[in-house]
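Each of the two complexes below includes chain A, the first together with chain B, the second together with chain C.
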Partner chain A sequence: MKEKVAVIGVGHTEFGELWDRSWVELVEEAGLEALEDAGIKKNDIEKFFLGNMSLGMFGGQEHTASKVFSEVFDSNPESQILGRRIEGACSSGGLALEASFNDVLAGAHHDEDRIVMAGGFEKMTDKSTDEATKILSAASDMGKEVGFTFPALYGMLKDRYLEETEATEEDFDHIAVKSHKHASKNPRAQYPFEVSHDKVKNSFPVASPTKLLNSSGIADGAAAVLLTTVRKAEELGADYVVIEDVEGVNDSIALYEREDILTLVSTQKAAERVYDSSGLGPEDVDIAEVHDCFSIAEVLALEDLGFYPKKKAWKWIEKSLKDCSENEAPVPYELPDGRELFVNTSGGLKAKGHPVGATGIAQAVEITEQLRGEAGERQVDGAEVGITHNVGGSGGTAVVSLLRKP
Partner chain B sequence: MKEKVAVIGVGHTEFGELWDRSWVELVEEAGLEALEDAGIKKNDIEKFFLGNMSLGMFGGQEHTASKVFSEVFDSNPESQILGRRIEGACSSGGLALEASFNDVLAGAHHDEDRIVMAGGFEKMTDKSTDEATKILSAASDMGKEVGFTFPALYGMLKDRYLEETEATEEDFDHIAVKSHKHASKNPRAQYPFEVSHDKVKNSFPVASPTKLLNSSGIADGAAAVLLTTVRKAEELGADYVVIEDVEGVNDSIALYEREDILTLVSTQKAAERVYDSSGLGPEDVDIAEVHDCFSIAEVLALEDLGFYPKKKAWKWIEKSLKDCSENEAPVPYELPDGRELFVNTSGGLKAKGHPVGATGIAQAVEITEQLRGEAGERQVDGAEVGITHNVGGSGGTAVVSLLRKP
Partner chain C sequence: MERTAPEYRRTLDLRYLKGKECKNCGKIYLSSRNFCSDCGREGQLSKTDLPKRGKVYSSSVVRKSTSDFNLDEKIPYSVGLVSLEGLDFKAPGIIDTDERVTGEEVEAEIGLLGISNEVRFYTYLWKKKRDYHSPQPSEGSCEPKQGVGIVDYGVYVPRKRIKSEEIGEVWGEDVEGLVKSFPGKWEDPGSYAMNSALNCLETNDVDPSNIGKIMVGSESHPYAVKPTASVVAELIGSDEQCVDFEFACKAGTQAIIDAHDSVKAGTINYGLAIGSDSSQARPGDALKYTAGDGSAALLVGSKDPIAIINAYESFTSDTPDFVRGEAEEFPVHFGRFTGEPAYFKHIEEAAERLMKKQGTEPEDYDYALFHQPNRKFPRKVGKRLGFTEEQIEPTIVVDWIGNTYSACVPLGLCRIFDQASPGERIFVTSYGSGAGSDAFDITVTEKIKEKQKEKKRSVDSWIGKEDEELLEFESYGKYAKNKGLLKS
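== the complex of A and B ==
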């Protein structure tokens, strides 16, 4: 009998400029919230995997997991817990989810029902914006993309998309309007307010054609999900969701090495793998949390995940979102087959916030809450199947997971 | 049928001050050597886990795995490989081994025979010794052990051991003599030469009572091991060894929070777990690679792994090693039951070198070569069972693995 993996608890701090909170406090808050949600205790956990891009450069501390053990588990000598940090730039959270998923399956191979926490965090605002931007550049190729920032790298992608298609800058700007609308319904969001299309359009270019309001900000925050076997989830009586699969794939770290910079091969392959293993496809997905660090990234994600043909998403974006300001949240995309797809109901990286190591986990929190029907004013009625999509750098890593109601 | 995990290939660069080599070159060399050893190709690998403490602070690059994919796998678009970095300070390598071990078992749960690479590296000598020492301090509690270096922290352990037992400083110095003797037979060692007991005794105190020659140095290097199921190893006709188990446990990151600083509870618990699951005990172990970042660490490891009673190892060290200089390598410890135990035949962290992220993997390389009878002048005749022991910080993390001949 092949065991499946379940999410039995979720936790998620506020995202934002949290100068008065330490990174450990944020990790603790998210972790304890997940434990309380699952109705289990600290020492029921066997392992934790903590996604974090660079506490070393942001805060001068490595050996993060041991520090968490000390502060959160009170160094209880009875504890037999193993934590470690997982790093793959902005996909660190997704990679922690993938490792946790596989660790539960490894336990299942020996008929153990391990309870594993997948967490993620980043504490970025202790640095100035220019320092933080420089640290984030360490997710690109520091030997071969010297001097690029991420707004510039994604600006190149946007430039190319504008060149190869008939999309206009205005199409991209609708995405930010939609994300902020969703975030306005999310109490944990960094920017929980609406913005007008004009405001996005007229925001200043941080690395033209990337404008400020096409970009996610610098944020602090943490998120956590608790995984175990479906068997254990049932035994605990948890209100669980099933993770059908989590898959990740690498691509070149540098953009110049790719055949077509407008295709994130890592996303495509990771998505193919979760679709293949689950027997589900893009046509089954109701909700998606995709990696929209910049507006262009959401466009490419919608294509690479299979929702729209390559280089055609812009048409549907314009059609779906042009009256976005006037519609009630959540605002769906219309798919070519006439179905509706709700993307980044959380507000996404753009407006919920992007404390980079937390993002992949925060996406799983939003999907879980949606599938449980607990997303409040952001709730997508009848959502059955959800996908998360977390990217490292400009696509050097992508992690995709598929979740569904049991 | 419960699958077991096998090591089917190993690779290990020279350790030392490798100023003319980049970190990627080192990772590539170790990885390709492991592939060649196993007789498989790059794209046969499904995942890799790369132990590294702090390329961020040592070299300004994060998203390490994607960079490795780019340079080593030539960004082959047919590749479907997922790499990620694993961080737990000096136990990063051991944690990568643990994750790889579990990933193979997760595959086995679905009747897949995954081939997974566990690698580790550090490139430390691009920084000055004082800068590197400061970066390494990030493995301690940067909030509560401010201003301590690791020679100082381990110096406190040594001080306490000298206080609580009748051990003398000379007892510790024998360990360095033994390690250098072993390293003199290891072509990959950073310090492949013998030192006299007098030389160790008279070496200058870097953080009294820690002397220079009680300490491991600053080093560059990489190591890799290839894991898969025993079923696949047999199918490939590989000269494999079996990993019975890999277990890791956390303790408080800071020394002051421990009840007895002379007991590394993390080591004890991790060892108990591998002994319990394998049905083997310290009495079955022929060879051990233990985490001797400082001489005191080897003493504590011998006790915490169950080879000697607590606070008694010094007696046997003196007895076993006092004529070390005159004996042929490898020089064993005599155990209380009269058996011989060979420890750190590689030269250990002290003399083979300690590029911190590589260490946990390098230990598994040495044990594998010993169990295969390929350790050259360091060979322990008839070695059947080996243990590795990798510590993060001052014991905030410990990872122990048990390997045996098939």
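== the complex of A and C ==
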């Protein structure tokens, strides 16, 4: 039987403007937390993959892994570790998870039980908002989409959604209210407070129809998960969860090349692959951490992951979330079959924060904590299966992973 | 993010809506690529002009942008994907509006995307499609006439306008009834020149590679070093001689003379003479009420001209009536703001020389076009020379757009071409400070009728005498910002 991969430890710094900590300190903090969680030591790790979009532009530093080796592993002469940075814009974290997952499987194929760390980080707030926005624009087609900020690219998606459906702008605003509600219960969130629907609705239109409170902010942060085989996890006596699969797929970097911009083909394909390989489907999923860099992105994600029919999710938003200010967290979506789906219990990119390279890993941290029943006030009772969905740019890369209780 | 010269060159096709077409399978690409995705190395890719019309598929209004290309100074602006007419294809681009315009028909027009390291990146932008008045085709006929003359013409005038009352309010002056044009946020004298050249070449099938010389006359060339003409040439697909002229407001007519002489000498087949200006005026100067924006392009040649240049005469002297020092932002008047020793003296001398040479009298002409620094001078000099209101009025453009410096007389000439009948005769005299005048004796040919039928938009529509509802009258603040009078 094919060996399975387990998450045996997780770490997650707070997200926000962490001006007193450098990127490598954030990586160390998240990494040590994961090691402690798993009950193992630094030198037990054989490899690490660090998702990061743009340390070169944000911090002027390249050769990331060696820097980590110096600062975190203190250049330990006993160590045989090999690390590398992985880049795929905002899906860098997801790609690091995918690489780590496959590295553990490759080891298992040779009857090795490798322990691999998948990390992700971004240190964005050293730059002005203007500089940070320019750097993030590098995730779009720099030659062809001059003047298209990310809020504008997602604004175009939302505009098209409004054009093709009967959804209203206000439907989308409920999503931000829900995300903030969840973040208010997450001590690591950048924006741990609630907002009203009116406040979202009346927020500044940064790239109409995208408003400020439909958008994720700029943040620093790091997250880490430790992966190994289920066999090893059992041996270590770890409180582990199983990763069924992690799949990543590319699509065109620019929206203009896509026939129907309202379908993120990369998400659909990646989801199809994890559902196929695991024998599970959207109907089995209890919790989802989806890439809600903008409210429209959450809607498209829920459709592309198969929870709602295409261009129909909007019908359930208001119905599910309109009273979320009054309800207890976490607040679920009602699915067409009447089931409940809890989405972005962490607060999502919107409210937990979106240090871009960390996001894909932070999603796996939240799902792991939920499946272990350690999510505190935002715990979803009885969660068995969770999905993560991490997008680069406006869909040029998507990484989907499926996790479940052992 | 500073751009570089190689990047400038590599993005030209994209910015000028030139795609690639695979000769093997016919697939069309927006990007400048070398291999067809279906045919691989077997596909032969060649350049193809992409449609300049389309429908907005999705759009967003940017209200917070970055300092990349100083786009943060352009907010709010719209971006969108445009489904190109006749192609299963969407092009990303800036849309010159501040609304979401999904579903609307748009047309491409050249604009200034931004400046990087002093270098101006022009690109096609999208504008909402409008219905315009076209010229009324004339009737009548005349004897065929051979010679070097104007083969085609095109103009461009921005749609922004400001009233003198609005300017006077700021400066504590009471000036009534004047209107002038000024640039939109994506425009400069380079983009005007490019658009007027495109509008000129749209109604003929002259191969641009046959245009041996492109000349742009301006007082406000975008570059102190690097010809505006080179930017126009690359856009239209000509790669021979390019030169910029400066002779205050007569640089445009100097370009016509140069083109005429070169065609006559047989060294080129066609010459493109352009006058284009975003006229500068010191904010407190009286010129602030009149210094306007616009461009006109005249294709000069000897094959099927719509008008023959029968003769020209010039008169020049060293008269520093109005000057701008090297690297100075605004021109200054040297002495009283009067035309006597400058405007009137030079125009009258050149005009009289020409009439003497041609043995003509004012009554031999149907139109009398003079440089128009203000509403009064052209009418006054015309009368002093013996021309009548009937000859002068159809040539006036200043009333709607102000003094467009080098573009003024070429624009007036284009306005005449919109209304002239075969056989009619035009008398033209320009004036440029410094000082000189060029006078022309021009006869309209039978070909004018065809041209008038082909023109989609009349000069009267461009200047705002017609289609007034399409003009955008703005506040002094907007004017000052777009004109570069506010420093950021």
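Worth pointing out:
Criterion: the second predicted complex is superposed on the first by the 405 of 406 C-alpha atoms of A that agree within 3 Å, B and C clash if a C-alpha of one lies under 4 Å from a C-alpha of the other, contacts with A are read in each partner's own complex, and residues count from 1 in each chain.
In this section, a contact is a pair of C-beta atoms (placed from the backbone, for glycine too) under 8 Å apart; a residue touches a chain by one contact, two chains touch by 3 or more.
Everything numeric in this text was worked out from a predicted model, so none of it was measured.
When the two complexes are overlaid on their common chain A, residue A:L280 makes contact with neither chain B nor chain C. Touch criterion met: A:D130 reaches chain C, while chain B stays clear of it. Once the two complexes are laid over each other on the shared chain, residue contacts for A:G396 go to chain B alone; chain C is not touched. Taking chain B and chain C in turn and counting the residues of chain A each one touches, the greater count comes from B. Using the contact criterion defined above for the overlaid structures, shared-chain residue A:E98 touches chain B, although it does not reach chain C. When the shared chain is aligned, chain B comes close enough to touch A:K67, but chain C does not. Within the superposed three-chain model, A:V146 lies in touch with chain C and out of touch with chain B [touch as defined at top]. In the superposition on chain A, A:S208 makes contact with chain C only, while chain B stays out of contact range. Legend: residue contacts after superposition of the two complexes on their common chain; A:L32 is shown touching neither chain B nor chain C. By the touch criterion defined above, A:L335 lies against neither chain B nor chain C after alignment on the C-alpha atoms of chain A. Within chain A, the residues touched by chain B in the first complex and by chain C in the second are 141, 143, 254, 257.
Chain B makes touch with chain A in their complex at residues 2-3, 53-54, 56-57, 59-67, 69-70, 73, 75, 77, 79-89, 95, 98-99, 101-103, 105-106, 108-110, 138-143, 247-254, 257-259, 265, 269, 273, 392-393, 396-397.
Of all residues in chain A, only 130, 133-134, 137, 141, 143-149, 151-153, 155-160, 163, 204-210, 254-257, 261 touch chain C in the complex they form. Per the touch definition, chain C reaches chain A in the complex via residues 1, 11, 14, 30-31, 57-69, 71-72, 77, 79-81, 90-92, 94, 100, 102-103, 113-114, 123.
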